[in-house]
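Below, each structure is written out as structure tokens.
In the two assemblies presented below, chain A is common to both, partnered first by chain B and then by chain C.
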Partner chain A sequence: MTGLALPAIVLMVVVNAYPVVFAGIQAVHDGDLLGLGNFVGFANFQDALTDPLFWRSARFTVIFSLCGVFGSWMIGFALALMLKPSFPGKNLFKILLLLPWIVPIVVSSMSWNWLTATPGSLLPMLAADLGFGRVMFLADPTMAMITVCIFKIWISYPFMMMMMSAALEGIEPNVNEAARVDGANARQRLRYIVLPMTARSTYISWILMAMFSVNDFATIFLLTGGGPVNSTTSLIVLAYRSVFQDFRPGFGVAISFLMTAALVTMSVILLRQMRKANMQ
Partner chain B sequence: MSTIASRPRKLALDPRRAGIGRTLLTAIVTLVMLGPILVVFWLALRPRLYTEITGPTLETFAYIFAETDILLWLKNSAMVSILATLISVIVAAPAGYVLSRGRGGAVSAYSLFIFVLQSFPVVVFVIPLFIMFASVGLVDSLSGVAIIYVASSVAVACWMMSAYFDTIPVTLEEAAWIDGCSVFGGFVRIVLRNSLPGVLSTAIYAFLLAWNDYLVALVFLRSDDRFTLPIGLQTFFQQNQTDWGPVMACAVVMLAPPVLIFALLNRFFSIGGIGGALAGK
Partner chain C sequence: MDDTIASRLKMTRRSFLGTSAAAAATVALGQNAAFAAEEIKFWDMVWGTGASYTAAARELVGSYQPAGDNLGVRYQSIPWANWYQTFTSAAASRTTPAVSSGAAFLPFYFIEKGVIAPADDLIASIDKAGTNDFLPGVLDAMKTDLGYAAMPWSMDLRVIWVRKSLLEKAGVEAPTDWQSFIKVGEALKKIDVVGLGLAGGSTTTDGQHTVSALLINNGGGLFAKDGTLDCVNDRNIETLDFLNELVRKGIIDPYAASYTSDNVTRDWLSGRIGMGFGQTGLDKNFPAEQQPDLAVISPIKSPRGDTGTVYYINPLMMFKTTASQASSEAFLGWYLDNMKIFWEKGVAIDVPVRKSIADLPILKQNANLQKSIAEWQPIGKTIGAQAPHPFGALNAVDGGGAGAAFIQQIIEGKTGSKQILETLQAALEKIVK
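Then we have the complex of A and B:
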């Protein structure tokens, strides 16, 4: 039976595993895009770990991923709960609400750009009319971080909505009904029935979304390019720039490896805990 | 009698009234959430700069089809995405079957292998693949790009297929095996035949990923005539920053295919089950 996995294994070894190994070799060399260069040991890793920009980017990566994971989970879960009972138009809304995930990021980044970029855009004008003064959504470092995070939440909530809708379908209606008969109010039912019974899907969707967020290049790059003054540069954007703008692939790959190592460690610990807790 | 009869009717009416309230609430939330997408359609009707036209117009669409290479980008994107989708499904279906039915160390190791590879960002793969592809003439080629899309979608595709196969009872294949069917025969004739929703679901995922990608196309596609939509559109956007009408008309062309596919096939799409394949049983 395992033979059936052979095409996938061959494919993944050639286009996934081999490049990772090759990149590992690049990470301990000082070459450019054309040649491997000289062996430098762990100098690239050392450079990365002592670079203030690396730590700044790491900080933004954490903020961006936490927003991506928990922000989109909260909105996605709330929408999944809203869409659970049947009501007129439910199926249409279910599809419409997935659109931010389906529309290409190249397109949505352009519309967010139109909404936020210049003082004459819609949201800055709205903010000015409401008395917030001149809000620079993409030009002010802090505001740019917030805008990018909200953009990420907007793109990602449909995924969470799908994951949590599927989890909610799995709850037997009579469990909820029994709790209602026993006098549990909506909040208690959410706290003691719905959340525990969807915990497994919740954790899995967190792990997946953490993975998608940390590795998310296009969302940030297309909206801000990592600026202003590197405030929205995440590790993946920094890695991209090191490779393709500074032509230091070893350094860029070293950053990616550090990032992936942290990511995999975190996911494996979470998965272990899930198994230990023996979640439903 | 009449009072007893009217009671249940009143009870039945109440949830419906609550239903209308929920429809309204959902409609408002949906409108807010879709704001940035509505903006795309609204801006696409904006007349081009330096034209006589005032007010909403469809002339922007006539303009982009006549004056830009958008039909070529559309064709390139379609070819790349369809190729990537086909390969992804053909490779992931049998692998997902192994993940779903297999037990033991080898399968767990395979599962971990997929998970770890999926955790690496595309940036890591890009240069080694670029060098590898350069030696076989796949740089600046649509097939080369399609292969990388397969590489980046295959892990989740395997999980999705595996999640779907989990819902098909093993007894079906076991019956076929007893009747003398091989493992491969049982997989193709029994399991795969009953898995159209799972296959479509995986195909939609792979298609969306390929259609929406930006990074790989940015690095690998160099000549104008091989641009896919994201690169063509981004280049056009950079050249016409303030001329929103034609830029957003291109954007409408780009978002239409995935939205149409989803509108037609959404009842098959389900990604909620991939957790089982990921976390183990």
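Then we have the complex of A and C:
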């Protein structure tokens, strides 16, 4: 039987283990993409942890991920609750709401660039007409951070909506009905019935979205490239730039390992929460 | 499971895997051997007008008839997306082509790594044949301590363009120096037109090219004459002070900090930009009826009386992985002698680097191109200025994150010139070793 598993083991080693081991070797060397260079021990990790840009990127990664997870969850959950009862055109409405998730990110980011980048774009003109003056959605560092986070929520809420719709379907109608008969109002039913009974799906969706957000390169890079002045540089963008633009693969890979460690820690914490929710 | 059957199955699987591997290796080796014996590969980036350029280049290479024992050539178009990964992974796995075009500083990196062959022999043969008509300084710009890194075939030269109708509307003449540039910019600003159009976003190098051009214009640059990093010098500080004045007076658009190349092109087309640095083929982006409205002006003088701009020489390099170095050189020599067809067909938008091409009747009629060649090309330098010659690390300087943040800080206008340059110096020290 061991023999039967051999091809799968070989495949797993080749596909997963080899790149990880090679990346680990790169992380302790100072070479470029053509050669490993010299062994430098943990200097790349030390450089990363003492680089102000790393911490600035880490801070933005946290903000971006929190917005991505909770912003999209709140909207997705609200829409899932709204879409639970039947009404005419519900399916069409659902499909329309899924569009941000379905449309390729390249197309979405170009549309958002068209909407926001120049003074003649729709949103800056609208903001000026509404008396907000000159709003630079992508050129001002703070506004760029806000815009990127909103963009992330916009492309992510359909995923949350689907997850939470599935979770809501799992609640027996008679549970809600019994609560209603017992005099529970809508807020109480949400607080004491819906939220606890969807907690497992909620935690899973948070874990998944947190991973998607931390590793989300395309959303940021296609809209702002990490600028202006590194304000929207996340750790994954910094790692990419270090490897493929600054040609420092050791440094970039070290950042990726640090990200992985943070993600694993966060996932373990959320999984424990999930287990607690199950036990309750 | 029955042991005998299991054993037979195990043997069968092993036999199958072994036979498959042997067959695959035989086919691969056979193909390689057959391929190696017949032709060499030529990789070509998507230059100029894109698809029409590639079609013309494919046709040109298809017409190549090797002389004597030289091998034929197979053309392969290479997209710019992820170009660095494409070339470095090929170099690491020794699957680079025999000859290739590529980004401006790639040959300098590859020659340092011993991946490409110097072009000295080819240049000597061109000299011997009496056909060396490269424009002044172009060949010298390819020279390194290890020999000529590559052959130049065209040049991305940055020149100042103006829209004549907008200057006329603003009631001003084209600037001749930095002071008049500010005055023209102010006049354009009054009619709601940008005086120095540029794209400073993180996914484009357009803004970096503009600022590099101005640093060189003032006799500065990011490197000292001995090749060491030298961002924080008086001339660079003066240039950033000049740029800061342009920002403060609204001559540089604050939105430019996030602009992509498409954004800046759209602004040129819409008439929102009246002046700015651009490639010599900028007018080709415009509809034919608007093209006469665009003009290349003469180089402007900095307060110290200096002139200058930045250029990127598009190279053709010969890899050591070739099946025959003689065939690579024979093909490259032929290609350089026949590439004029790109300008005759109008599919190349960069400046030709050979006088015989620059003198083609169709190019002689292009006043903007002639002005660029006559007045701007001789004062051009690479972003390696003031270093004596380019080097591999410039790949990371051109288009890296440090450069993008540098431009965005300038456009933001909140940080002092010296501090911006110090930040740049610190960032570049990590990547230029």
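In the analysis below, the second predicted complex is superposed on the first by the 264 of 280 C-alpha atoms of A that agree within 3 Å, B and C clash if a C-alpha of one lies under 4 Å from a C-alpha of the other, contacts with A are read in each partner's own complex, and residues count from 1 in each chain.
Everything that follows uses one rule, which is that contacts are C-beta pairs under 8 Å (C-beta built on N, C-alpha and C of every residue); 3 or more make two chains touch, one makes a residue touch a chain.
Source: prediction; values computed, not measured.
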Greater residue coverage of chain A in the superposed arrangement, chain B or chain C: B
Chain B versus chain C as contact partner of A:F244, first or second or both or neither: both
Touching partner for A:G225 - first (chain B), second (chain C), both, neither: second
Chain B versus chain C as contact partner of A:K152, first or second or both or neither: neither
Partner chain(s) touched by A:M211 [first = chain B, second = chain C, both, neither]: first
Partner chain(s) touched by A:H29 [first = chain B, second = chain C, both, neither]: neither
Footprint overlap on chain A, where chain B in one structure and chain C in the other make contact: 3, 33, 221, 244
Chain B residues within the chain A interface of the complex: 18-20, 22-23, 25-27, 29-30, 33-34, 36-37, 39-40, 43, 90-92, 94-95, 97-99, 101-102, 106-107, 110, 113-132, 147-148, 150-151, 154-155, 158, 183-184, 187, 208, 211-215, 219, 229-230, 233-234, 237, 244, 247-248, 251, 254-255, 258-259, 262-263, 266, 270-275, 278-280
Complex interface listing, chain C residues touching chain A: 6, 10, 13, 82, 84-85, 88-89, 91-92, 113, 115, 200-203, 253-260, 263, 266-267, 270, 272, 395-396, 399-402, 404-405, 408-409, 411-412, 430-431
Residues of chain A touching chain B in the complex: 1-9, 11-12, 15-20, 22-23, 26, 33, 79, 82-83, 85-90, 93, 95-100, 102-108, 110-112, 114-115, 122, 154, 157, 159, 162-163, 165-167, 169, 200-201, 203-205, 207-208, 211, 214-215, 217-218, 221-222, 236, 239-240, 243-244, 249, 252-253, 256-257, 259-260, 263-264, 267, 271, 274-275
For the chain A and chain C complex, residues of the former touching the latter: 3, 32-35, 113, 117-120, 134, 136, 138-141, 144, 221, 224-230, 233, 238, 241-242, 244-248
